[in-house]
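Labels A, B, C and D are assigned to the chains in the order they are written; within every chain, residues are numbered from 1.
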Amino acid sequence: MLINVPETVVADGLRGMAAAHPELTVDVENRLVLRRDAPVAGKVGLVSGGGSGHEPLHAGFVGPGMLSAACPGEIFTSPVPDQMVKAAAAVDSGAGVLFVVKNYTGDVLNFDMAAELAEEEGVRVARVLVDDDVAVTDSTFTAGRRGTGATLFVEKIAGALADEGASLERVEAVARQVNASARSFGVALSAVTTPAKGSPTFDLPSGELELGIGIHGEPGRERRPMMTSGEIADFAVHAVLEDLRPSGPVLVLVNGMGATPLLELYGFNAEVRRVLSERGVPVARTLVGNYVTSLDMAGCSVTVCQVDEELLRLWDAPVQTPALRWGR
Amino acid sequence: MLDTDFFRRWMTATAAAVDREADRLTDLDAAIGDADHGTNLQRGFTAVTAALGGESPATPGAVLTLAGRQLISTVGGASGPLYGTLLRRTGRALGEAPEVSTGQLAEALGEGVAAVAQLGGAQAGDKTMLDALLPAVQALGTSAEAARDAALAGAAATVPLLARKGRASYLGERSIGHEDPGAASSALLVGALVEAAGASGGGGA
Amino acid sequence: MLINVPETVVADGLRGMAAAHPELTVDVENRLVLRRDAPVAGKVGLVSGGGSGHEPLHAGFVGPGMLSAACPGEIFTSPVPDQMVKAAAAVDSGAGVLFVVKNYTGDVLNFDMAAELAEEEGVRVARVLVDDDVAVTDSTFTAGRRGTGATLFVEKIAGALADEGASLERVEAVARQVNASARSFGVALSAVTTPAKGSPTFDLPSGELELGIGIHGEPGRERRPMMTSGEIADFAVHAVLEDLRPSGPVLVLVNGMGATPLLELYGFNAEVRRVLSERGVPVARTLVGNYVTSLDMAGCSVTVCQVDEELLRLWDAPVQTPALRWGR
Amino acid sequence: MLDTDFFRRWMTATAAAVDREADRLTDLDAAIGDADHGTNLQRGFTAVTAALGGESPATPGAVLTLAGRQLISTVGGASGPLYGTLLRRTGRALGEAPEVSTGQLAEALGEGVAAVAQLGGAQAGDKTMLDALLPAVQALGTSAEAARDAALAGAAATVPLLARKGRASYLGERSIGHEDPGAASSALLVGALVEAAGASGGGGA
């Protein structure tokens, strides 16, 4: 690992972000990454956060057109309420703040505590839960579906609407709509090594893969002998389309878990596109790359999000963050 | 009766136990979670020890609410709010009394555990920290040793369970066969009661 | 590996690029990636290429403000002259074409053959060699320094100048200036597994690292016990500054080799910045990410490029490619 | 005399040898290069075989120039232009003759090897394919068998050398102790001359 000591990995990363991105405010001590111009008058603030180790999510998505602030926790550990309360206070212009929360017990509990505290301080807070991972059965007997790749779509699209000056209610509604329209499925070709543990979180022989993994190094639902890129695309896209039956065009995220070469991700995208077209699903936009990662895990995930004209317009709207940048 | 110093010793003994067992907790979490439970609690209880060193809470209740606040502010994850709530609620239930009886502690801890159940929505048998905490509260009426043994037994009994809450629930059937890390750490917390009592030379909490 | 069969990895990747990037022309059969609007009247064409496995280099740098065309070879294998000749013909508006060639025997020989053939077909061709890797002694007893991270700076800055309508001579001159002003040093924490070989190219125990590696999975000059991020930064930056003594501001590329988490790269950037400031070198711009990669290798490289006002202006100029995008 | 068919057989036998030894060539390249030499030549000679199947070059020279063009268009890397140039130059030197003597081949191959030396700038002892090709050309005056043995000996003799050209030169001292992959493949090319001669039933090239 390219680290000093496990204890300082998150702080070191923030110092490095500060050095590389003078266009952001990076508060290393309080573990906050903020738009430099926050609070923007009249604009709803968009705050997200979660465990570190998923970079560029979330700090790499802070900037005009996307997040107002990100709260990075320890590796794979939800941040603490103090961070979110400070972030909310820093980005609230009076128009209120939307918390974008990935559905993990830790994130939910900490963001909920923060929402309570922030409201006590007079900030209007709404919350959207992202729970797009179809590998997890969404029932009262589980913690519910995990939040994974759809987080990027939620943050981009809600961020674009917030930048247009929409109300907290409208920004929250579009965020919910995006989450409800998006599903993901992920596959691991190797386990994760966290700095603190120093060895792989589970044992995955090189000729096997894990289907239905999350983004925290947890094993998946099922282990199988290695499959081809085409077979994985068949499996993943079918799993997604079992739960989401898009009647119109979709956004596609072909996401790397961190250690899979971009060349292979593009090759996988070719197979994902094949399966979608076999299933009659038209693709409006595609994003290929390492966006919602799991440290040094090899593998990939597919996220499909059905869009109407308004969502597509908001997706195409300008964004200026370290990791996503287009338009102006 | 248990005085303020007893509660300080309880927290210090828990911190020491967590330090000692951090790798085991993390390994348990690697099997069915995300391999951070040990480091999470280590970070949290280090902060608790530091805060208790810096501030001088005057009552048993104040020791626990301070500790709970520290956990919430430093742990993160699922266990931060849950353990934080456990100690804060227990502390609040103890009120302003300068000394409390074992019975009062058992009752207060019962309120704390109920708050954890409410916050996390878990029930007995869901393969969480509650599976160690609930039997421990019952047994604390008898003695700290009985509570420790009940917590250990409760933690061990999570092995065959299928997880219904927290990250382990994502694994479905594959969560079976592993001890729940939060139940294991709860057994450490309860076991530290015995150490805290022993360290004063007294005859148990 | 996330592949179908080793033989189709490059073609699959191009199909996936075509699906993801309708704004580019991707010719899978002839292995070319082109700006859609090529040839642009009056504009010098910028053509690069090299072995695949270094993505996003080069295909991810095709677009307004950067490359006109990229020629991807097989994994770690220089492309063939046919590709470069076709690329030159496709992007030449009459203003001539600059070949950006990384200094490897294979790339040099194939691009030289292509230049000869293209000139026979009436295209004016100039060539710039990129050779920035200080780990290799540049002498007549070696193949000379390798081309690595500086390629990104050369392609970005020469691309910006070409987009302004500068002559072939001026574009070539600025490309040479950038290369002469840039030096790199790389470190591997793991070896590479190529699809064709299927096992690591060399054996690197997890507690050791290789200093002075290239981008083709070749071992480095020296193996050492694992070092901290700070120690690696000391070593790499000092190696670079032994060869380049910047008198003014520099661009810095903190580059991941493919499998190193972005969080760790940012942490490494903090250490690189520390060493540069200890050495009194002011940093004008920093880019952190996986840009010049080596498939699934863990590790990183540092590239430092001294810039004057003109080079900095060209660096900041708008660019619209899959992997680098800013301004407009 | 060596007719057009002999040269076709030479190329086919080389393709077969490369197929057979591809993994070994790639492993040699993994040690001091980038682990692609075997696949590079396999791709190239597969294309050569296909081209010879599709077209019918009428002379020995035409067989080799066609093969050389195929290598240049399909191999890439350092070995594509170098082997492509070797065969094209050798073919060109053979001219339009429908049959050539072993002596003429030796002379033409000498020109081809000189072109490789000029293109790549390497000399004997730099740990490249030249270390197999140069002694082979000398020995081809005697017989194909002698050439093959000289090439094999030349390739083996690259083991203790320090590389001065190509990727292996990046390794400096660490390039010592490994056989050069290009020298190894050159020995296959030269060895295939013997097989081509044998396959016609004749007594050597």
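Methods note: contacts are C-beta pairs under 8 Å (C-beta built on N, C-alpha and C of every residue); 3 or more make two chains touch, one makes a residue touch a chain.
Here the structure is a predicted model, which means the values were calculated and not measured.
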Other chains in touch with both chain A and chain B: none
Chain at maximum distance from chain D, centres defined as averaged CA atoms: B
Centre distance in Å when chain B and chain D are each reduced to the mean of their C-alpha atoms: 73
Chain centre separation (chain A, chain C; CA means) in Å: 29
Separation of mean Cα positions, chain C and chain B [Å, integer]: 53
Intercentroid distance (Cα basis), chain D paired with chain C, Å: 32
Contacts with two or more other chains, residues of chain D listed in rising order: none
Residues of chain A touching at least two other chains: none
Chain contact graph, described as a line, ring, star, complete graph or other shape: line
Of chain D, residues touching chain C in the complex: 26-27, 30-36, 38-40, 43, 72-82, 119-120, 164-167, 169-172, 174
Residues on chain C engaged by chain A in the complex (per definition of touch): 1-5, 8-10, 12-20, 52-53, 55-56, 60, 189, 228-230, 232, 254, 258-271, 273, 283, 286-288, 290, 293, 295-296, 298-300, 325-328
For the chain A and chain B complex, residues of the former touching the latter: 6, 51, 73-82, 104-106, 109-110, 113, 135-137, 141-143, 146, 192, 194, 196-197, 201-202, 214, 216-219, 221
